[in-house]
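Two complexes follow with chain A in common, the first pairing it with chain B and the second with chain C.
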Partner chain A sequence: MWKSIIKPLNIVNKAFLSPTENVVHQQLRTTYVLKRKTPPRLHKKNSDPKPLRSRHYVYELVKNEELEKKANINVILTTYVEGLGNKGEKVSVKPKYAYQDLLLPGLAVYESPENVEKYKDFMTNPMSDVEAHSSPTAMLTVRSLSGIMLSVVMNKDTHWSLKPWHIKVSFRKCGYIVPEHAIIMPEQEIKGPNMDLENREFFVTVKINNKETVPVRCRIHHWSTEVKDRIPYASEFWKEKVEPIFDEHSSVLNSIPHKAELKK
Partner chain B sequence: MASQAIKTLGLFKKPGIFDKGVGALLPEAYKKFYKEWKLTEPTAVHFIPEQGSFKRDDVTGEVHPIQNIPLPVLYPKEHNFHLWGGEGIIQGFQVRGKKKRRVPHFWVPNLRRSVVYSEVLDKHISVIVTERTINLIQEHFGFDHYLLKTPACDLKSILALGLKRKILQDLQNGCPSYVNKPDKQKEIHDRYRNYLSAYTPDEINWYGYSFAQACRMVQEDINKKEEEAIVPLKHVFRAQLIDQLKAADLEIEENSKYGEPKAGSWLNKINPFGKKHET
Partner chain C sequence: MFLNSIKQFSTIVQNHVNVNHILSQSVKSIQVRNYAARKGTRDRKAKKKVKAEVVKVGFVPHNQRNKLKLLAQREPLKFDDSWKRNPTDDVYVAKYYKWVVYPFAEAVKCHQETHSPEMYNKPNANLHVTIELNMQGEKKTRFVDNFTSVVKVPYNFDHGEERTIVVFSKNPDEQNEAITAGATLSGGSDLIKQIQNGDVSLQDFQYCIAHPNILPELVQLRGLMKKKFPNPKMGTLDVNLGKVVDKFLNGVKYQAVKDDYEKEFGCIKTVIGSLDMDIKHLEENFSVLINDVNSMKPRRPGTFIDRCILWSPPSQEVLKVDHAVFLKELNSKGSQNVFEKQEDYDKEEEEEKGERVAL
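Take a look at the complex of A and B:
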């Protein structure tokens, strides 16, 4: 019924066979690890083991390591990866993500002694590369900001000229905390209230960590505290394309992807 | 025969696969690989071997030897096309409660399709693997290091062994997949070169074949040599005839050169074995 164990006739010294010293001293087990419920009978020295009985095939599960939580592994990035880091940076990530999304596409290499030596210069001075970014999430922020259309809501009754703090407040309204010194306003001054500017576009430039810059599409809306003076609400106003306030802004505004064209 | 009897001290030795048939013609290089593959004890994957050689019973104080008898593991033929990393199927029983009968159970590895990247071959290969394989690759810092460092008894599958042979052959030929990038070629070759020292060229050529494949290779070689040895008689006779004709031509030329054709004696014209004239 049961296949008997084929006892290795000659147990060759494995250390002799393996060309170099085995680096994996700790045995790795991500599989079923079982244990016999009844230990097999002892056999004489230098003789074949005694045949196994049915009861020696009753096993108990010691552990199934596939269900256990895996430890993170360290990899060295070979290029800038959004949300992770610059070239040459050592990051600790989950093993599945590391293998499928970083190591196989070639975005990272294993943290072997050879690679550590190779990427040493980048590790000590990560900014030495031209492509280095100010932070792992800098490009994510750039991508996020370039996708929005900022509604700058201004007063319809009192006089105003557009200042960075107006833009800062508008940003805060849609969830972005932008300090005033990071906002670069358009060169010409925008003054109001002026109904010619209503629902017209311009752009401001946001500087991230004093390094990356991103133009952000803005649109002016007038608003009054008096309910009867308010401009009626246009549904899905962000989908329609409108004229820029300044003609020289049109080239930059055309280069920013429009909200209507972006797919969710 | 007498010498054989002296060697075995008169005991009958059952002929093994390398003592009979085509197996006896296999080279020493293949036998070495076979020993590494089938006759070496593999790493314990499905059980935790006890350390040490003796242990003392906690209660009675008796000393017993430690004998680690491995769990029998099954390897279906499909595993030869996958990379299981030493895992296999365990057939056994479970007891799922104190008053329950034992129930037959198979512990089967969790297989999934993934990709492995070989740096020497410069290829991404889509294969069916277990999680253990991926972990081993990561522990060894790459698929090539994993294959080259692991002995055949742990790789087991024909696919893994065949890839190992291919990698070793490529290393021998100086990484031909990077022909267009000499810098990269040198870097990769330097990185893996030291693995070649464990094998001779003949051993690399015979590495990673199953016994049947190796026998087929030997048989094909023999057939080819036999075919080459047999020359059709047609060709032999044609060659002989051409030689004869050439010799005859030379004779005629020589005769015409020096003139004086031999005076035909009237005796030559008489054929004593000619047709008898009936009177």
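Take a look at the complex of A and C:
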């Protein structure tokens, strides 16, 4: 009995669920500009044109549209996109990137007159409903800074107390340009040389464009000018978890992803 | 047997009959030509044959066989970050943007910060400079040769090298002047004789300086001195011996070295002072050095010095500095001069051509 029911069902299934033919509904570029290798001969006046020979059907490729570089297209962002811009901003991007990474996931819309009208308010007043970022690249910098462990190398022999310019120099040494006014130091003063502080953590807050803030994990290291006085090098010290200098810092430091965890 | 039979056959047949006509195909292979070849044919053929000379290549280690191939794949030494974008934020990751170009004073300050007593504690560290050059000559296939020079800088510093100088002069006063200026040894014709006898070795001296009055006698030492022989181009043949000795003793020594593979890339590495010097003094030293290097610029449009980098061990930081500011005066005049010179050069060439045509 079941067989008799299933059989018509299968037919229905085939008819409705599986597509009968595979149709590509996308625009195809099939234009090739060609040139005859041998131009056909001229025909006489008041007579039929001469028949084409086989050599007249040999062509040379002049232009293949498929291989041509496609022009950028304009899109309007519907959200903040890292490295591109804020919501409502009009950006010009490569077409493939626009289709795959912006239009398809819904991060942007085409720059049609309707859409321009619709997103006009965001352009004039970006603070309307979501928080705007100070620049397209600010969040990329935040991401990069939150992943690093900054080594603050201080002297082992002379007295010091940690100042913003020490942090600035440490940042510059490892390839980050951070001006002094963008650095917010921990409230308590850190003084040295103090071997209890060696390889211990604290954090400084970096304020990008006076807007985005990011805590950065730092570690104190002691360094001596004399080679014999230097502390022996510990291999892969950044993978070990260590105690913070101040207990108040532990909650923030725990919230920053650790190097060792990032690797996994 | 067979040949004998042919001989017999040919005797039978009369002389005026061509033997080849009668003989079978197999016999024709031993053809005899009855007429002389054209004159000089053999010589011509011999000339046409070019003997391919087999160059013997010794054993090349396996890791060096594809050296050129490997060098071609190497990233070019010439630095170009023009494709990178300019930073827009006040905080940024340096590697994603164009290199920061510091004004000279600021770059020195940065190094002073890293070498402060609170950090590296080496405030008297040497300040090194790397000058990258575009060694392209007047033509694309020509390149500027490696060059070495010593520049007199306005503010002396301890370069840490031991430089030995020998001075030749006929006048005892001038000899004393050289010694007081810091020359290792000075003398006249006696010294020349001592060197010829082998009592004094020229190997012990890096520089040989001479007064023009002793030059005729000094010619005897040309073979011993070789490249060290005093000449005005190097600045080693001068009337004012004290100044010259001071220059070679305290000046900045530099050597421009071309890359073996990338011929248009040259590099100079030298020291211009120490970090505890006054920044303005360092700046002047740098300016003098830069202008001296730029004087070697070939007569072509474009820049000669591509990039200047300041570095100071033990810190590994390298900071690019704006050198164009120091070249400015020379550049504005120089560029005009270059064009004038170029024009002169063209004219000369034309004249030469004209002469050739006339001849």
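We take it that the second predicted complex is superposed on the first by the 198 of 264 C-alpha atoms of A that agree within 3 Å, B and C clash if a C-alpha of one lies under 4 Å from a C-alpha of the other, contacts with A are read in each partner's own complex, and residues count from 1 in each chain.
Keep in mind that, in the parts below, contacts are C-beta pairs under 8 Å (C-beta built on N, C-alpha and C of every residue); 3 or more make two chains touch, one makes a residue touch a chain.
Just so we're clear, the structure is a prediction, and the values are computed from it rather than from any experiment.
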Chain B versus chain C as contact partner of A:177, first or second or both or neither: second
Which superposed partner A:77 touches (first chain B, second chain C, both, neither): neither
Partner chain(s) touched by A:144 [first = chain B, second = chain C, both, neither]: second
Winner by number of chain A residues touched, once chain B and chain C are compared: B
First (chain B), second (chain C), both or neither touched by A:93: neither
Chain B versus chain C as contact partner of A:155, first or second or both or neither: second
First (chain B), second (chain C), both or neither touched by A:209: second
Sites on chain B touched by chain A in the complex: 35-36, 39-41, 43-48, 64-65, 67, 69-72, 74, 87, 90-95, 102, 105, 107, 109-110, 114-115, 117, 124, 130-132, 134-142, 148-151, 153, 191, 194-195, 197-199
Touching residues (chain side chain C, partner chain A) in the complex: 87-95, 100, 110, 113-114, 117-122, 314-317
Chain A - residues contacting chain B, complex: 2-5, 8-12, 14, 17-20, 22-24, 27-37, 40, 42-43, 45, 49, 52, 54, 57-60, 62, 66, 73, 95, 98-100, 103-104, 110-112, 114-115
Parts of chain A lying in touch with chain C, wherever the complex brings them together: 134-135, 137-138, 140-141, 144-145, 153-155, 157-160, 165-166, 169, 172-173, 175-179, 182, 206-210, 223-225
